[in-house]
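The first chain written gets the first letter, and so on, giving A, B, C and D; residue counts start at 1 in each chain.
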């Protein structure tokens, strides 16, 4: 049974910075409040403060947090400990990182009962198994004996929920519990959470940046930006009639608009990239030339000039491996890659400079893709010098043009990547690829690390460049929405194989490969009740 | 439109660029980052460096000119730090010793770290068998106790200053290599290095331009620690009679030569010992308080 | 003095020598340092033994006679037994002496033994030696440690079977040896102690600390700088043996600057002997006069005028020699005090306008690689049992160890003559002439004769110097006792 | 789990053999260029050419170096390190008389230093930034910054000469009771602790802090666990790998690195044996000692790796 949560004037600071500023809200027993906002807006900080906890270097500087009758912030350390894990429990953003890798899952799941002396070990284990079952985990009897690395990410997330719920808490805090998961897994986990929260009638705070997800889970939504509350309202109200500008902006970005290519695939007959029966993998190769861990098998793919092909599939399905094989970073064990009619040599060292120039790769993490010790100017200059031998004024001019192209101010040229925001970095990343004048850009999850607003802007830029410069993309993503918005064709991958290829005009028309259908269905929609509908159709189907 | 960078990333980049002065803020701000104990260490370090560089200038009388029968004299106006077992002025010896101690240790450290980093970059950037051969080969070197190795080297090739530098250098190459390699391998796996590879850059460019600048910060801290080890190794060698050879004397040999005075609490043994301790402690203080390091510890989640 | 008291029997002492290594040996032929000598002196006896004036006294030989200094008859003492009960026989003596001539023995005394053409048992208790040339000093030579008497046919010396005052109980090379009293010792009343534990402690500071902390009763080779500490601690004392040991500056006369006599002379004037004595040896030395026979020796020539420290003369000779530039000078801790001497010499030389470049070499390998090979460098000569041995080994023109390669026919003739001369006064004059020649012409500068210093507890009595070296010329064991 | 460790062991043994071979070649070739040989060293000033030649023949030094090396290696493979060049005693015997002493000293030192280092390291990690942490790390820096021979000499002066509490030298022969052993070992162990504790402590602190900053610790904290539980049950098991490595590296110092302590306390250990071996150019002895140090190092490092694997289920269950 839940307890009411009342927060008044909560402020949290780190040194001179205020991370969370004067936040007030309340949640009734059995209700779910969503905290929503972009990355770094203070969601996690707020959530942790509800347990009286501030990260190292942060301080709860003012305010009141009351759970039931307890004033959390005035408790001394032992009483705080008694509160945590029992009255309030927490489900962290990344389950994989939140489990101790060296202890069994069961040990960790029942630990709250051990710490708080709630019941005997055997009893606790029985309860845990019961919870595993409720959360639809496989092998509920034995899964507890495994170690964290022996279960999948989605399962871990659910196991963490079990850990949070085993002490029958009055308040559950869920901090982005599904961001690390595939859409297909996400839906499972969301279902499980909702069921448990509803059945137990616990009070819950759900932290997320994904409006569509929140729409399924929350009764009320609180929109945060820079630690300040922008809007607090019932879910339906926010979705249908947002008041705050920022909320509107978020909503707009959550519905990507299709950005069609200038030319359809068939307008230009030139076949740019032709992947034939490609197989590749990692590790040492055996006598038959098969690698120790084969990943890709028999991939066929055709990409015409000016076309954008999306590659989609769950995590680990081999999307990145495909890009790496095309780029020459790993040697295919079988098959070939034809580029402009010529066969590409399997490894980088064998390819000539012009071939390398024509295929550029852009990585997901803009931070790791830019050398932190080189200025933006140097980063952009290198391909220009390397491929074109530019120097002096022409080089400077070209750099300026590139910055204009990706809509960055000239002033960033002198800065280090550390001084840029995520979206800016991703633009630099793109500009570097463009500097080579490529025919084909391999985009590996270029928007996954960005929040929706920024991601939308980058996608817009990609489409624009394609229209204006005629470059082709191999666009890798796990997000069907994004892929649909940008690409002319979609390749669906699973377990290293290509399952299906769907052209844009067929996106809405079926029937497709069942896996594609599943993916399409699993992407949450930005409306309340979508998950219920899904449940209903699932129930109807069986 | 733009958002702030996630904290994790900030700390990740901070750790990469750690210890290097932020190019945009002035040296003064960088200095302030040291904190009081770091500044103290920096001051002591600077003092000894100046002593080593300018000492012979400041001294009106060379050590050779003295040598009196006034053995183990206590601190006095004529001999500010007393005299040694041959009646030489301790102050002059200490200042001269600074050149040897700091000079040899610095050269050896730079040699060790330089070689270690170069090999590590090579190993990380070119991979497989070069990496394996280098790693195993240098591991083997670690298996020989350092003092034994020094002993054999000095017995074999004499105990000149270049020899000591080379010996200490060789001894500390594996440590520097291992540290640099683990950093470089991590960097090597980062996307920007991959990007450079797909651009068709050569190994040398990748080593020097992409990897090296990003391991320099942590390696600088490592260099400081290694410096301390070399100072202590030199002192041990002096104890075994294998260190700097007279009339030149590093601090270790000053302690060793005058250790007879220890029972009488003579300044001639205490002062060089204090000099060694102050130098090594100062280096440690500086390393521990390198700007960015504490911030990194705090910011890391 | 110590002799005035009556020795007491019983007790156990711990003694520390200055070296400890796996090469520690009980083979008399291989003894090479203080600890070897001390240990062997506990276990073995020689035919003769050397007293405080290095005069040979009867030991295992009751008496020795010669007519021409070429054929010598030694009569053995009766009733002497080895530790295992076997009686001493002439065969043992013949074996013990003649084994040094066999190269396979790798004896350190081979050169000395080579002059013995034959040794024969000429009676139940008599051995006759025939030399290749007359030598009046044979009893002295046979009194040195290497010629100690072992059982005939011994090949493994680790059992330590001798006729000496103590029996071996335990021998761990480089660690320690344990000796217990030989109750059947042939010297009446001796030895006094029940047991001696003998160890080597390489580090001087550690050695002195061991003494002062009560862990040791007697330690050898104390640095002059530690003397004050030992004296200043109640219950401890020092024991000084002034001997003929010296460290010398060697200037080779065949190559390098030393080929110029003026350079050599100039350098000899550069020694500030008084200061060296004071600062380096802290007065535990006597000033030398560039000749090797020290004042404790009966042949020392006191009439030779002392060469002073004279910067002007030094400058004059050095300039005359025309030697310019930096003169390399090799020194090493292997040659006692040579580094310090070189440092002081460097200072005085600078005042005389000469630059000296000191090359300090590690003790390892110094004797084989640098000594005798360097043009200007230091050597170190341990006390020798006789002036003849010393001059023969180090100054005869053809001697292997003629450090400065000084060659003088006149000297060689004098040396031969003095060896056969049995008239002491004549002999003395010959030695004086030889000392003068060395003082003037040889490429050797001898600034000091060094003393050996030992530290001991005040309870240890019976110590009296024998100028062969410290620890009573290594023969303390049978002479000391513990006061109650 | 066993096959992971077995595989690692197999790999390590193969590598160890290679390393040993490499070390022996390195040591042999450096020592081969050392000036002088065993014969000359032993004769010292008495080294006349004939005497040296005779002794060389006796010591078996008259054969060319590679042949000597091959002979030694062959013997070593059979488990017989041959005869010492200078003493003509079996090297095995020489080593056997010293190795137990060294191992004993190392063991006693480890017995004290490891728990102290771990306790201090963990404590200062838990209270990082506190005055305790600062005091401990400042002291540690101070202690390692003083050359060990000075620490040792000071200790002797104070505890043996002035106070007469402890013997100045550590004779292993006289030890008959535990009390005597403690007295004899007190100072060497103290000095060695000064040398190695700081290093181990620093690494422990860093490793534990590393774990304490991991997200799973935040989770443990949010479950309401006490700080003790957090450290002992959660952080520590994950820090075992790096800590074991640091401990192994420090302990490997205790065999070959203790020359100074052995010299000052006149302790008959194997490091001094090797130093003597070098100065007397006793190649078989030097080689064998080097092999022992190398083996000890490899064993320690491998043990540390195995500890790391056992403590890490991700590696254990593969």
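Everything below uses one rule, namely that contacts are C-beta pairs under 8 Å (C-beta built on N, C-alpha and C of every residue); 3 or more make two chains touch, one makes a residue touch a chain.
Note that the coordinates shown come from a computational prediction; the quantities given were computed from them, not determined experimentally.
Peer 1: Calculate how many whole Å lie between the centre of chain A and the centre of chain C, each centre taken as the average of the chain's C-alpha atoms.
Peer 2: Each chain reduced to its C-alpha mean, chain A and chain C end up 87 Å apart.
Peer 1: Take the average of all CA coordinates in chain B, do the same for chain D, and state the distance between these two points in whole angstrom.
Peer 2: About 23 Å, centre to centre.
Peer 1: Determine the centre-to-centre distance between chain A and chain B, using the mean Cα coordinates as centres, and give it in whole Å.
Peer 2: Centre-to-centre distance between chain A and chain B: 44 Å.
Peer 1: So how far apart, in whole Å, are chain A and chain D when each is placed at the average of its C-alpha atoms?
Peer 2: Centre-to-centre distance between chain A and chain D: 50 Å.
Peer 1: Do you know which chain A residues sit against two or more other chains?
Peer 2: Those would be 55-56.
Peer 1: At which residue positions does chain D touch at least two other chains?
Peer 2: 34-35, 153, 157, 161, 213, 215, 218, 263, 278-279
Peer 1: Quick one: which residues in chain B touch 2 or more of the other chains?
Peer 2: Within chain B, residues 155, 259, 262-263, 301 contact more than one other chain.
Peer 1: Building nodes from the protein chains and edges from chain pairs that touch, which of line, ring, star, complete or other describes the result?
Peer 2: Contact pattern: none of line, ring, star or complete.
Peer 1: Among all the chains shown, which pairs meet the touch rule set out at the top?
Peer 2: A-B, A-D, B-C, B-D, C-D
Peer 1: Which bits of chain C are touching chain D when the two form their complex?
Peer 2: 20-23, 25, 30, 32, 103-108, 110-111, 172-176, 199, 201-203, 205-206, 209-210, 212-215, 363-365, 367-369, 371, 380, 400-401
Peer 1: Residue numbers of chain D touching chain A in their complex, please.
Peer 2: 213-216, 218-226, 229, 233-234, 237-238, 311-314, 317
Peer 1: Which residues, counting only chain B, touch chain A once they are in their complex?
Peer 2: 1-7, 9-10, 12-14, 16-17, 20, 23-24, 190-192, 194-201, 209-210, 213-214, 298-299, 301
Peer 1: In the complex formed with chain B, which residues of chain D make contact?
Peer 2: Counting only chain D, the residues touching chain B are 15, 18-19, 22-23, 26-27, 30-31, 33-35, 128, 137, 141-142, 144-150, 153-154, 157, 161, 209, 213, 215, 218, 252-253, 255-257, 259-260, 263, 271, 274-275, 278-279, 286, 289-290, 293-294, 297-298.
Peer 1: What residues on chain B touch chain D, complex-wise?
Peer 2: Contact set of chain B toward chain D: 136-137, 139-148, 151-153, 155-157, 228, 232, 235-236, 239-240, 252, 255-256, 259, 262-263, 273, 276-277, 279-281, 284-285, 288, 297, 300-301.
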